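Going by the order they are written in, the chains are A, B, C, D, E and F; count residues from 1 in each one.
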Amino acid sequence: METVILTDPPRASRETVEALASIGVATIHEAMGRTGHISALRPIQQGVRVAGTAVTVLSWPGDNLMIHAAIEQCRPGDILVVTTREPSSHGMFGELFATGLAHRGAVGAVIDAGIRDTQELRDMGFPAWARHINVMGTVKSTPGSVNVPIVVGGQVIDAGDIVVADDDGLVVVPRAQADDALVASRARLAKEEATRAAFEGGELGLDRYGMRPVLADLGVAYRRHPEAP
Amino acid sequence: METVILTDPPRASRETVEALASIGVATIHEAMGRTGHISALRPIQQGVRVAGTAVTVLSWPGDNLMIHAAIEQCRPGDILVVTTREPSSHGMFGELFATGLAHRGAVGAVIDAGIRDTQELRDMGFPAWARHINVMGTVKSTPGSVNVPIVVGGQVIDAGDIVVADDDGLVVVPRAQADDALVASRARLAKEEATRAAFEGGELGLDRYGMRPVLADLGVAYRRHPEAP
Amino acid sequence: METVILTDPPRASRETVEALASIGVATIHEAMGRTGHISALRPIQQGVRVAGTAVTVLSWPGDNLMIHAAIEQCRPGDILVVTTREPSSHGMFGELFATGLAHRGAVGAVIDAGIRDTQELRDMGFPAWARHINVMGTVKSTPGSVNVPIVVGGQVIDAGDIVVADDDGLVVVPRAQADDALVASRARLAKEEATRAAFEGGELGLDRYGMRPVLADLGVAYRRHPEAP
Amino acid sequence: METVILTDPPRASRETVEALASIGVATIHEAMGRTGHISALRPIQQGVRVAGTAVTVLSWPGDNLMIHAAIEQCRPGDILVVTTREPSSHGMFGELFATGLAHRGAVGAVIDAGIRDTQELRDMGFPAWARHINVMGTVKSTPGSVNVPIVVGGQVIDAGDIVVADDDGLVVVPRAQADDALVASRARLAKEEATRAAFEGGELGLDRYGMRPVLADLGVAYRRHPEAP
Amino acid sequence: METVILTDPPRASRETVEALASIGVATIHEAMGRTGHISALRPIQQGVRVAGTAVTVLSWPGDNLMIHAAIEQCRPGDILVVTTREPSSHGMFGELFATGLAHRGAVGAVIDAGIRDTQELRDMGFPAWARHINVMGTVKSTPGSVNVPIVVGGQVIDAGDIVVADDDGLVVVPRAQADDALVASRARLAKEEATRAAFEGGELGLDRYGMRPVLADLGVAYRRHPEAP
Amino acid sequence: METVILTDPPRASRETVEALASIGVATIHEAMGRTGHISALRPIQQGVRVAGTAVTVLSWPGDNLMIHAAIEQCRPGDILVVTTREPSSHGMFGELFATGLAHRGAVGAVIDAGIRDTQELRDMGFPAWARHINVMGTVKSTPGSVNVPIVVGGQVIDAGDIVVADDDGLVVVPRAQADDALVASRARLAKEEATRAAFEGGELGLDRYGMRPVLADLGVAYRRHPEAP
């Protein structure tokens, strides 16, 4: 397999990315027709939401050579997304990489492998999502690629795609769909807000979504519990 | 399989439920002869303990139709308990459902599937326990049942049973055993308090529980470490 | 298998232990040539780092008899390390054991099984690492050993070895290597600090570690992204 | 929790059990409305199907005392079903137990724990299903119960219920539903046979089940592949 | 998300597919630069190797509607590849589907979910690979797509791509790379044959691959074992 | 960490190894006081039992350099035992390595990582046990060690120790304990044979092991089932 570092990938617009950063992963995922979500990676902090344009890394397990190469490709607003060619629990990312990324204006890191220095990362306010927490170190021996399409948690991520991440997990917004996704997400937000207000007022989903006849059609019977008081 | 919504199930008494809410899951579990505990579901918050009477939901994986039906059956002091007919990681519960439950006075949710909007749930103070965190949405196509007995984490839960939940997990107290469980739990609490005081004073479990002769009978030898200083 | 309680094991020096307690698990692990790390057990609290000399326990699954025997063997500065002869999720450690350990000056507990009373342990400030959280109780029927070598998470731990634990996991420092490990860890800390300063100033790992020729030798090509703007 | 050995449980009729033994687990499961299936335990042999009346065992993890007690309760046509009060991988069943069971006419064993002597069991033709394969032995120290209701793989099994097991897994037929389950299973078998014949003749499920309008109603579009030849 | 059935996808040539069917998954995977392999799905039979052109299915978990639609799209030499929009253990494929596929000349099935009727499938000689074995049935309620790109076990599979499957797992050969992959696989086969002959004759990999200086350069020392006889 | 290849390790005697090869893993494990068993690795074949003296390999994940070095160290009667410094699913062993080992008289391979060419290995009659089946290939870049002590599945294995493997898993017999283990295993075999004969004749374990008073002492009650016929 050819190994290559692609420079200057196209990126989704900063405005769109920042607008998506204010909307939750669940809402964007729904607005995009329930596509793009990644649940296998978990945040190392709580209560943080970020969005960035992906710089992708395909590494050999336990080898961080290509992450070093990828740092140089990061621009303000990017998010580093690392996977390995076979599942790995090595601690492939930590405080020193985060220091380099922070200097370049990257907004976070998504590591489909292990991560370490978790307390230090929280202390410096650098958000990260990972599959494992593990201190085991790495070597720098085997080539890989930067900014090629990768698969993370069942989703394809290409350089320049938008990754939104919060406590619920991550969602990938393909660059070409970013504007549509933003419009749809805002529409869904409005709808959710209306539903929330209705539910706060006591309306039931059964009525709001017209599900009573659906239950009847499906043959779901209502019966008083045999031991009802 | 017949699908049915049982209304007005019998419920354990509010007084008993509230009394159990002040006792930890571990203590109640011990007091009931080590029965009823569920460890496979984890809290999405820290430091919260609740107890409620179960409204049970048996759903098709990835289908939230019956949760909508169950909301209507909830009364103040209830706790919603959802399982699926086959393991599912779908985000079957989130902020909107919690809004509806909070309006009806439910005290929490136990989801043997995925949950989403975890930060929003923490922000609104609605406690929840779940097997997965996942934004993936649901459909409303397949019938199921409400308030029938279900199995969650190896335990049978029936409508009206008491579910106590805290950072350690959950324990199910069958409605018919609730008063006995409360008496036994209080007795155990007192015993634990006495033991704690003894241990704080330096007494050893070996002596308090009379285990030195047990060790001897079992042939456990004491020997000075060969490299003892 | 003989069952034995070894008393008065040799212990690493307090000064070395305390010095290591101020250095992170990741750094010590690296300084020791990437040996000794345990990632399968997770902390029940956040932001705490401790180091102690191990008192080891080999128990039958679901049986806490030998933990009682081990408490008596603990001295100020020790850390209790428990494993079972076959994987177990039982809640083998909780608040009462912690009370006894705290009285004797132990600094924490490492449980390769389940743990319970997690909130109470956090409230009393007793740090712990475990494989499972589970309230399920134990019996006191089957013999085991104290202060014999055990294997936890793939690492051999002997009585008197140093265990350092933080949010990243654990590292075992064999007693005989403790002084060397401390020297090497301090050297590595200094090196990491220099690297951090360099990265904060914008230097790249590619340059600092001389990896550009490595990439070239490995045939990694730089190419402008076909869709570069 | 009270520990008890219940003798002479009621049993489903031999004729019904034997009739179910000739029908596959998948078919019976479907005929019962998709209830009762267990997929977490796997057979140690291939191509064997058995059905028996359950003798249930609730053991302490790693303790085979109650299995010994249960052997005496087995009658010809029974199947031994063992679970533990907390997940266990111990090899709780092997050739010697199978020898005792075979002498008493039991038809197989279902072990929700570990099993050993797998080759010997195959050689003697004693079928078994288990969660783990593991030689680790057991003690005989802690009480448990025989012929009380237990939960295995999410299903409640009571003494005298029918357990059918084959390469696909297991299905539990509650004793009271056995005759109905047999009638429904035979009806389903006939229906499956007709469907098989239709499919062998080239009929499509789309047509046989009338799903073309369903697809249309759901908005599923047919489109020629953009790269169609 | 749009749901669509794409008809008449382009297919890799029969000659290439059949040629690849005679080469093992491991060899093809190596020949393609170590891409395309899937290890998470396991065969239900032993000693069978097939290759086919993929007809892809994206289903809702526990819903087999789209598999019915996909059967009609299968042609001789195809292999059915099914995934679900969220992980599912439902038994989504069995004997009846296999009967329909066999009638149409399909060579096998790859199910990223559960499978059932495993003994019947072996008896009829229809090879299959799956993630789970489980009898749990399905509904036919929710739309999905056929012949769109899907992700299975971390690999993207598009309609018409070649899937080769044997006891080692699966490898996906993108249609556009099929001829190159065949050439490279044959070259690698020849090389492996030469290596096998050399190794049978006693040559060591250390010598054949020139690794002795590599070991020396890496600082790997040879030392006589301290307890050497 | 120093990387080294230790040559000419001491080996357990061939007679002892061959004698142990005729005794099952479960029996030896019991005879050694229930120590040394490994259950996490599974055989790729059925019905085969081997015993050999261990040549141990500590590799970097996904790197087979040290396996090449280890082949040269193998002698007739050896068994190759490979682990990695962090969990790895790479296919680190296959037909070509087996060819080299077979030439040198090694009796099998134990791979705590992935294995490939499983059908070819069965065809050539080379037995193997592994944690994963996976074709993903390896590099030859990172140093490791041969014939140093390693930990596999929680057990320490040193060069020259005896590894016995069959369908139940593996057991490690430390070289220094080999003769004692053989004597104890033969004694246990004889005892098992007597028990088997007794059980075939209808004796119950309850009587043979004198467990009836134990049950009574533990408070286990016998009661007629409330629904007894």
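Heads up, the rule we're going with is that a contact is a pair of C-beta atoms (placed from the backbone, for glycine too) under 8 Å apart; a residue touches a chain by one contact, two chains touch by 3 or more.
On a predicted model such as this, the values are computed, not experimentally measured, just so you know.
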Mutual neighbours - chains that touch chain C and chain F alike: A, D
Any chain in contact with chain A as well as chain C: B, F
Chain pair showing more contacts of the two, A-E and B-E: B-E
Numbering shared by both copies at the chain F-chain A contact, with half separating same from different: same
Interface copy of B-D among C-F, A-F or A-C, judged by whether over half of the contact pairs recur: C-F
CA centroid of chain D to CA centroid of chain F, Å: 30
Between chain E and chain C, distance of the C-alpha-averaged centres to the nearest whole Å: 40
Intercentroid distance (Cα basis), chain D paired with chain C, Å: 42
Numbers and ranges of chain E residues touching at least 2 other chains: 2, 34, 85, 89, 134, 136, 142
Chain contact graph, described as a line, ring, star, complete graph or other shape: other
Every chain pair in contact, whichever chains are involved: A-B, A-C, A-E, A-F, B-C, B-D, B-E, C-D, C-F, D-E, D-F, E-F
Touch list for chain F against partner chain A, complex: 60-62, 85-90, 134, 136, 139, 141-142
Chain A to chain B touching residues, read off their complex: 24-26, 29-30, 34, 37, 39, 42, 46-47, 49, 166-169, 171, 192, 195-196, 199-202, 204-206, 209, 211, 214-215, 218-229
For the chain D and chain F complex, residues of the former touching the latter: 2-11, 65-66, 68-69, 71-72, 89, 91, 94-97, 99-100, 103, 114, 116-120, 122, 132-137, 140, 142-145, 147, 159-160
Of all residues in chain C, those that touch chain F in their complex: 1-2, 32-35, 85, 151, 154-156
